[in-house]
């Protein structure tokens, strides 16, 4: 039982990171129906910005976090303007390929600029403290990641449900034509969506830096893919779905490693995804709208 | 949402009218298998077709058109019709891949048939054009041609005259009558255009809020009080 | 729409220009050693390593070692009065690309090919090198069958390596654990997504059991993993006396750190994949205490050859060399010696000379090439002690 | 209508042209004028063509977004290698095993997943592709992560060229038939297609299985050209590579797939001379092409219809698509 709870803690920390990345995926998808494969790489850029602001500028962890989020928000908007906007009226698959192109560009431009070597997050930026609670080991990093993720998610929910911007986002996501007629600036709304989504990814990137200490230019590929799976699991385009999907994915992976075998971890993750889709073809929270005839 | 009961005789030309949102298209979707009814049965030529897949229902002889035209937009007019002929494809997959003489005979035969259907709707000159490039009226006609190519015994037309001018509507009326006679099939028609419904239909059902509120000959319907209240009131009155 | 497309093109062009400019200026720097005297005749040397893909960071270190060696050789007057000229290719960590590059390099008449790193990629290159009778020196391919024919066990005439074999280093570690650390049981927790780590795990298990030890559990991870706590939590309950972690430092450092975070205090051991200055940075000084790995050399070795190599490497690349860099360096140096021994720049003759190399003083030990084209050299076991590398 | 000749002149010309290309290359190889490097790229080109044309059947003509093509390639490659290398059987048996195994895998995966739509299908197929890879990685009989080495090089130029043409002909034959039109109608409007009496599920599965089968064939050719296979070669990034070729060529254009396969193979080879920025340039080119030509090089138009579509003499008529 104790081991199970310990595994659950492991799973929640991992899940928090997946959830944050998945949120960005889902937001972008919800609004322009694009699987933004570059999202994981934006996370990587966020991790690097965080790293440099701590290691070079000597800022503290919170300043680094905010700096990374702001830079990536700008990067997200820039990418959208350059690569995705010209394709807004083209086929979705063309946009998908562009996203793959952007993803490769971010990975290999970083690799070229900063060498493929991993960087090590300075331990001093966030010293580790361990707490023993009834036989369970919890570290301040576990708590930090979990709490920060939850705070960001609540903030996001607030923005979407309660603010004008959020209303505009929901309107554009529901019906872009109608939103235009209502006087909503679609360009601006899409930009804001990319900005928020990318800054969440940047937060996740810095968290990975703190939690796992190392970052490298290709670090975004696998978590990006996993987070995408998490987003689909929850029902892509649906915010609570991404959160639940992320945590579910983290816990699932941990449990498979803990009680089964790491070797089949990825296979099981995908297997569960496929099973869920077969039972519920639009993910856990997805609404089956059906096609109008 | 729908409580509905009606029947159709062999070779009959039946009209279904009702105000917007009365559930007319839903009836069509139930018959053609797009939606499944919660309860009740749909019997066609003495066989229960309730809950069958749309393609099976089509293969059993029910074909339809759509309220908002659903052609295969990016391919040629001829191919649109040839796709409808596919369920009776005269050659198998192996012959296709190996290009045996049987394949070519089959292709020629399908080509000929498809062009015949196009001719009926005066579309033979446009065979090689892309479907979406046709003008609206011709797209409507192509849709009927396509439905007819599945060789149905019941043809369901969902507002075939929508968007047509009076002249085109009159021509369509003649065409519908002629098709029924020549192909010997039953036709079920949803229409907003009263002149078309009154002009061609032999019997009419009036639907409102998912309920049949009247049934009868065009003349009877024209005089039916409930109908006038529910629907015709503003238009005829 | 049109405007934004033009903007796109502009931005992308600027990027491309920037990249090209950066690249060409870099190449200038790299070629300086040979570039000044353009008139001098050159001998082309192929470098075919992993510069992108999963293994990019190891491949680029190895490439750095090779390039440094070639520069030093040229500065010292080259070989046979000619300069060595490096032609670089990226094998993307894929066997088919490795093969493709080899064919391109052979087409450029290289004297030999250095790299790739992994045994799989070397196997991709092997047939091309054999056909064209051009030697290949693998800096770090440690699998059993790299230099011999798979079916017959016959030595491949043109394939060489400068690193020891997995079986040998795993055995060394097993014996070290049993005899020096005096442990009786062990668990193995290594990468299962590459053949290198899987081979080590297998050989370690064989040697450890042969030496009277017991393996109480075997677990695996996948390269690229960052979270090992789930499996470590599971292993903790088995109370092992020793953990053998075959794999690369990118994962191993995190794994050790997380093990110590979970209060797993037993000794942990591994292989040459561990060797990197990043180990201390990532895992931390404290976590690394009581960990040991078999290696080619120690970066803190005070011998003059090693310390001058380390200094030169640090000066050029602003970081410490790892095993891959050292092995890359050695592979280029041993090639130079073989060309000198052969007396002419002929690939086949160089291959013969390589097979005859005796007591070559490499950074990774003094080595002699044996009849299977493997180097015979000492394997050191290194202990991390308060962040310092101590040879055992 | 004009009575068609059984063997029209255009067909004879095509056969002559193809035979000419084949003989020329074969001569260059035998005489040693074409060096190893060009031979490798030529072979890679053939394999990429097979992969792209077969994926195009699924993604372009049927309109089902599949991201698991590398998985089928892997199944074919391993099946063939088990037959030829582990059980020392003939290459032909190996190829048959590859097609059979990959086709079967396509059927097993296609039947449940093809009910899914759009992006859900994409991620499910991606998932299956990864599952295939993980499973291969964990079977020690076929070498685990190290894969299988020492595969004999059976994929000679006649095999590669012959099977590439074979793939194009079979897929073009399928597309230019009533079955092909049924497949295309699924892409155009699934609901309308179903209501025209077409069992859309069957045709989706059919296209998926045929696509998978040819991916398996490509895998077998790949394995017997490059001497070695390992599971990591067939990861999801490989599937993306194939998808990129298909979209660059133009979805629903076999000609486009062939041209793009040739183009991308040459581009990758050319970029090798800039090892450090190879991938950056590749990414930039990809984005620029997509932004300026989102419909791909060919859109969904075809060239050389006479060349491949009617090997046994088909009458002059428009293809199923523009």
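The letters A, B, C and D name the chains in turn, as written, and every chain counts its residues from 1.
The rule is short, and it goes like this: contacts are C-beta pairs under 8 Å (C-beta built on N, C-alpha and C of every residue); 3 or more make two chains touch, one makes a residue touch a chain.
If you're wondering where the values come from, they're calculated on a predicted model, not measured in any experiment.
The minimum number of touch steps linking chain C to chain D comes to 1.
The chain with its Cα centroid farthest from the Cα centroid of chain D is B.
Here the chain at the heart of the shown protein, by mean C-alpha position, is D. Centroid to centroid, with C-alpha atoms defining each point, chain A and chain B lie 49 Å apart. Rounded to whole angstrom, the centroid-to-centroid distance between chain B and chain D, based on C-alpha atoms, equals 40 Å.
The mean-CA centres of chain A and chain C are about 34 angstrom from one another, to the nearest whole unit.
A separation of 72 Å divides the Cα centre of chain B from that of chain C. Shown for chain D are the residues that touch two or more other chains, namely 137-138, 191, 276-280, 284, 287, 291. Counting partner chains per residue, chain B shows two or more touched chains at residues 34, 66, 70. The residues of chain A that reach two or more other chains are 83, 86, 108-109, 111-112, 221, 263, 266, 293, listed in rising order. Chain contact summary for the complex, chain A toward chain D: residues 29, 35, 83, 86-87, 90-91, 93-98, 100-105, 107-109, 111-112, 221, 225, 228-229, 232, 236, 263-264, 266-267, 270-271, 273-274, 277-278, 281-283, 291, 293.
The residues of chain C lying in touch with chain A in their complex are 1, 4-5, 7-8, 11-12, 15, 19, 22-23, 51-52, 54, 56-57, 59-61, 192, 219-222, 224-227, 229-231, 233-234, 237, 250, 253-254, 257, 261-263, 278, 281-282, 284, 319. Within the complex formed with chain B, the residues of chain D that make contact are 1, 4, 170, 173-174, 177-182, 184-185, 188-189, 191-200, 206, 300, 310-315, 317-318, 320-322. Only residues 35-37, 39-41, 44, 137-138, 143-147, 149-150, 153, 222, 226-230, 232-233, 269, 272, 274-281, 284, 287-288, 291-292 of chain D touch chain C when the two sit together in their complex.
The touching residues of chain B, counted against chain D in their complex, run 32, 34, 53-55, 58-59, 63-64, 66, 70-76, 78-79, 82-87, 89, 91, 93, 96-99, 103-104, 106-108, 110-112, 128, 130, 146-147, 150.
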